[in-house]
Amino acid sequence: MNPKELIARRVAQEIAPRSLVNLGIGIPTLVSDYLDESLGVFFQAENGAVGMGHRPPEGMTDRHLTDAGGRFVSFVPGASTLDSAFSFGLIRGGHLDLTVLGALQVDEKGHLANWAIPGHYTPGMGGAMDLVTGAKKVIVAMQHTAKGESKIVPECTLPLTSQRQVDLIVTELAVMKPEEDGLHLLERAPNVPVEVIREMTAATLITSGEVPEMQLNACP
Amino acid sequence: MHLAISVEEAVDLIPDGATVMLSGFMGVGVPDGIVHALAGAGKRELTLISNDTARDATGPGPLFAAHCVKKLICSHMGLNTIVQAQFASGELEVELVPQGTLVERIRAAGVGLGGILTPTGVGTKVAEGKEIVTLDGKDFLLEKPLKADFALIAARSCDYVGNLAYMLTATNFNPIMALAAETVICEPEEIVPVGMIPPDLVKTPGVLVDHVIRASA
Amino acid sequence: MNPKELIARRVAQEIAPRSLVNLGIGIPTLVSDYLDESLGVFFQAENGAVGMGHRPPEGMTDRHLTDAGGRFVSFVPGASTLDSAFSFGLIRGGHLDLTVLGALQVDEKGHLANWAIPGHYTPGMGGAMDLVTGAKKVIVAMQHTAKGESKIVPECTLPLTSQRQVDLIVTELAVMKPEEDGLHLLERAPNVPVEVIREMTAATLITSGEVPEMQLNACP
Amino acid sequence: MHLAISVEEAVDLIPDGATVMLSGFMGVGVPDGIVHALAGAGKRELTLISNDTARDATGPGPLFAAHCVKKLICSHMGLNTIVQAQFASGELEVELVPQGTLVERIRAAGVGLGGILTPTGVGTKVAEGKEIVTLDGKDFLLEKPLKADFALIAARSCDYVGNLAYMLTATNFNPIMALAAETVICEPEEIVPVGMIPPDLVKTPGVLVDHVIRASA
């Protein structure tokens, strides 16, 4: 299983039936591929949709129906359109059950940085600050390292996205949860020893007892 | 009732230095005809308020390629290499605003609010220079209304009193920006007779719209 | 001409072509009866409509189409529906060209009171505070006196509706305009001498030169 | 997906002492079935948030006739003689809120704003006890969000995922109140299969709706 698929499969397990979910661009987008459709989950796109579906077949795309990345999508039955104020009303008003986002860095306190590398590249926060501040649950889904450097750090050095602590961090190596006393290592990827995870992680990881392997076989 | 004007006439209304809101999201729901005409006319020193800058040649892209924009207020500019280069060189001044705050600031201007209190941005760079209001132990940023001289918007359908209907995710910022500018100019995909848009489908009442672009012959 | 018709006819002259107008309950409602339909005026109802028309014929009413008083109305071609937030967004955002309201009192400064008589009757302000604060132009249309008492007073004794000064006051006796230096008497009703108006008015009225009669004959 | 429940089951969900938002405007767009059932069940000590109190027997009227309401938050109560009598006798506590402020306070709660600044009410009794914020020389009242335990709303059509469509002026407060309560209960005129309401006509996405009242057999 490639790293991105592993992350997406594990995140998919966190999605509750009938919840409203926003998936960020990149790895988070893949999560919907591993979700049981009978769960009745609605995907929100911050550009103004509840009930986004997959890309339609060639010849059936329409330029009025796109996701937050500007890509063609479809609507599932029961979908609805929102203007931007209503769309962010859902996000900021606590109506979004879950957002899954990528990150440049996450730290031991669960703080997230994902919108600027000062002096190098400043894409802007788009809807990320609203999503992280407003969603009921925030999951970071990202690769554990970038260019060999750990993306999980003692304290973010990049500009923060929110002062709100994220709920869960899922990488191709581990599942981690920020708590009051620090960052807990909850699960490890199949066949990855805890020592390897610690080595690849700049932040201090707290463990209590045996760290179980991710259980991925239940996914569709 | 509302005068349908040509895209050239619309461009003539907009002076150099104007503050212009441009609707759309990643190039979807953008009045592309006006954008190209503005870029072609070589407008200068515009302040542009737009959710994002799409890509080099889509959405507001042509305005940057033609060096029309002095200041940009947006939430995202990561996929437009011209914008990134102009930002890096200092040619382009940029104010980054979280998307939800951006739309609420525009709405606040449109519906007559003096400001709004939002938790988004508290404890981040976005809070710099802004007043913090603490209510019941929780911190909020006081964000101020954002309005423009012109709102350039797109719609699926328009009638001759300026009522607008939008389609699916091409709706995005259009109905909100239509509230918040001195002069609202709409580029619809079609103009239909008055009464053809059912009242419950009108998302922008014509009383908000000043000019409608008619399709070129 | 009865007093209410006179007031409504005079107010109708103030309405600009293609403007958006909100008419309050009572005398203001009558104004639309004296307006040339070719002017293309749109009437707003704060319960959520732009483009209200007259009461439909018997048998053609619908309980989903009512004015702010809960009465059956029709829609003119080009009408649209608004939710309450959008409706008051138009009112408070400065998009309403004119509101015409009744009043319990108006004073020399142009302050209006129309929502409570403490200890006697407190109907509430409904949308009046928003209308008076937000509309581009505010006209008070009311009878000059109530139970023999002038409703135009030196200073309101009833709770104010807004600190915003109204633009014009039209009664069956006079047209008055509050200015910096006080309340100006601009016009008198046909055959009503200035002395009679002064006698019926508790507030001080400023005149400059001859006060012309209202010109009502141009109305439809 | 969303459970369609009976009006009796809906009433059972609402305890004495609850804060209840009730939609409608002068009796139009009100979930009349729930109102009558609540009154019939003899609920007590409710805090009711409603634009107006319509007339004695319409809109929220039956709730006052049955003495269900302890506190009323509204913009207008002039045409309901029972409300006027209960207010005069002191049985009913009333907070009067300008209508535009009422809807913005409800919206603020629904969209996660900490408050809004509005010029409406400055210099009037409405300003008493409220913080005044002065920006650029202009005074505004800081108005706080208003939320409820329950929102009881009406819709023209509803599907089985709870998507709602409204009709004409029966829309009024319904879509806004649907954002601002812990539990949202809708009484639609009809329930239709999923997918039958076009996405652009849905004014309340089903994700906001907890329960839908099915027509009694």
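Here the chain labels run A, B, C and D in written order, and each chain numbers its own residues starting at 1.
In this text, a residue touches a chain if its C-beta (ideal position, glycine included) is under 8 Å from a C-beta of that chain, and two chains touch if they have at least 3 such contacts.
Composition by chain, UniProt nomenclature: A, C = Acetate CoA/acetoacetate CoA-transferase beta subunit; B, D = Acetate CoA/acetoacetate CoA-transferase alpha subunit.
Remember, it's a predicted structure, so these values are computed and weren't measured experimentally.
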item: Chain at maximum distance from chain A, centres defined as averaged CA atoms; value: C
item: Whole-Å gap separating chain A and chain D, where each centre is the average of the chain's CA atoms; value: 35
item: Whole-Å separation of chain centres (CA-atom averages), chain A against chain C; value: 55
item: Distance from chain D to chain B - Cα centre to Cα centre, in angstrom; value: 32
item: Chain D residues counted as touching two or more neighbouring chains; value: 104, 107, 111-113, 118-119, 166-168, 171, 199-200
item: In chain C, residues with contacts to at least two other chains; value: 49, 75, 81-82, 85, 88, 91-92, 134
item: Chains grouped in pairs wherever the two touch, ordered by label; value: A-B, A-D, B-C, B-D, C-D
item: Footprint of chain B on chain C - complex, ascending; value: 18, 20, 40, 42, 49-51, 75, 77-82, 85, 88-95, 134
item: In the complex with chain C, residue positions of chain D that touch it; value: 25-29, 51-52, 54, 58, 74-79, 84, 87, 94, 96, 98-101, 103-104, 107, 118-126, 156, 166-176, 203
item: Residues of chain B touching chain C in the complex; value: 1, 107, 109-113, 159-161, 163, 179, 194-195, 197, 199-200, 202, 205-208
item: Chain A - residues contacting chain B, complex; value: 45-49, 62-70, 75, 81-85, 87-88, 91-92, 115-116, 121-130, 133-134, 159-163
item: Of all residues in chain D, those that touch chain B in their complex; value: 104, 108, 111-119, 133, 135, 138, 140, 142, 144, 165-168, 171, 199-201
